[in-house]
């Protein structure tokens, strides 16, 4: 099952007074992983905006927190393409502690293709969808 | 239906390059509302920690984003007690634009009662549960 | 000496693993205070942008941290207009713990008036400067 | 002149509605660089805390913003040891756009060695000071 993986080192600023990563930061880690996933496909958010004239706003975000992550932990974040709809795509994320291999958190982001002019949901550009499908297809032989 | 409401003014630092509130900040708004809800009940996180020797870590977070919120918008956030289990409570949140009355976002946080020593889930202190139940009971006559 | 004051309640998300407000958040508190200062003058960032066609980017930021601020502390932030130059204004900030009256932090932001088109520094709009001067004049009779 | 360098990719969450990195995030970039500097010396914040029983709170932070940094920019951050006092050390930071080589921002953090028990400033542990001095000595032959 192909997937995209990246690592994030927990910074002091990511922690809170419980001495663990503040839960809201996992959503930033998810998005950062999505950004690097696009980069691995050969483009970035900005290029998607200028090339296809769309934004990719998030319409849903979910995360289940299983184990705390602490300062200096090296986290491995795995992205898989969960579901591709006409105008939206759901990315699944799994966060592991790279040192202990424990699963820290799991969740998803549902991202919609929105016209930059009208803000309304429009079809995901064919070229982009192909790359995502190819990616998703590989995982479900 | 009783509920707890607070308002949050969107700050420049809450926005992102799409000129709307970054989605991760809604989770911070949820938590800030929960903090003020506790304060309205007569205590705060720290007092819960010192009095009952528990933390209240989040085990689940979800949000659906319906409309963008922009800089300077005054947001009204409504908290209701969704479900009280033995060791966990689910808070529901609704974010409205106070100017337009539009619903901006809806979601929840599931919070567990965890022993400060062992980190394991333990029963919600009776006194705290009573306050939450009272609150929840009121809404479901 | 006239000044503008606002209060900010320390949220859990503002803290770090040292169980105090992360130092970077004081800069967000400064800016939030500046935003409310503009609002008290009858406008906001966005209105400045649309009316005068300028941004107000920060060119300098400084803070000295004297005492830690903790979760749930109520902070009082005082803004004074330090210096008005042709194209820039320096805002001074003092953060106090409202409960103990201790000074927590002191610092400044230097903000420049920049053309939205070219990005270059341009004169502060006369009308805005007058309001700031009036404010500063009051304090130095 | 020896120095420590690291790179940081600008994430969407780092930006604000002016479509540039929010100024407060440069302070987080500074600290992240300091964290990686310690790591390059063979330890981390937590190990400093447990080994020497000290925290390293920031007592001063300054930054001058010269050029905007944008989404997806690759930033190179350079740390040099500016000044070593008995109980404090000043780290200097320079942020460059790795693509264009432009200087984006420059600033410093003054960090104090504080007893974990009393919170009071105490001498920087000899072993740590030696590493910093060695580092600083190298740069000023």
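For clarity, chains are labelled A, B, C and D in written order, and residue numbers in each chain start from 1.
Keep in mind that, in the parts below, contacts are C-beta pairs under 8 Å (C-beta built on N, C-alpha and C of every residue); 3 or more make two chains touch, one makes a residue touch a chain.
Everything numeric here is computed off the predicted structure, so don't read it as measured data.
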* Structure fact -> Equivalent interface to A-B (more than half of contact pairs same by residue no.) among C-D, B-C or A-D is C-D
* Asked: What whole-number Å value describes the gap between the mean CA coordinates of subunit A and subunit D?
  -> 28
* Structure fact -> In whole angstrom, the CA-centroid distance of subunit B from subunit D equals 34
* Contacts with 2+ other chains: residues of subunit C -> 12-13, 20, 24, 28, 31, 70-71
* How is the touch graph of the chains shaped: line, ring, star, complete or other? -> complete
* Asked: Once bound in the complex, which stretches of subunit D touch subunit A?
  -> 9, 11-13, 28, 31-32, 35-36, 39, 44-46, 71-72
* Structure fact -> In the complex, subunit B touches subunit D at residues 12-13, 15-17, 19-20, 22, 24, 70-71
* subunit C residues within the subunit D interface of the complex -> 18, 20, 23-25, 27-28, 31, 55, 57-66, 68
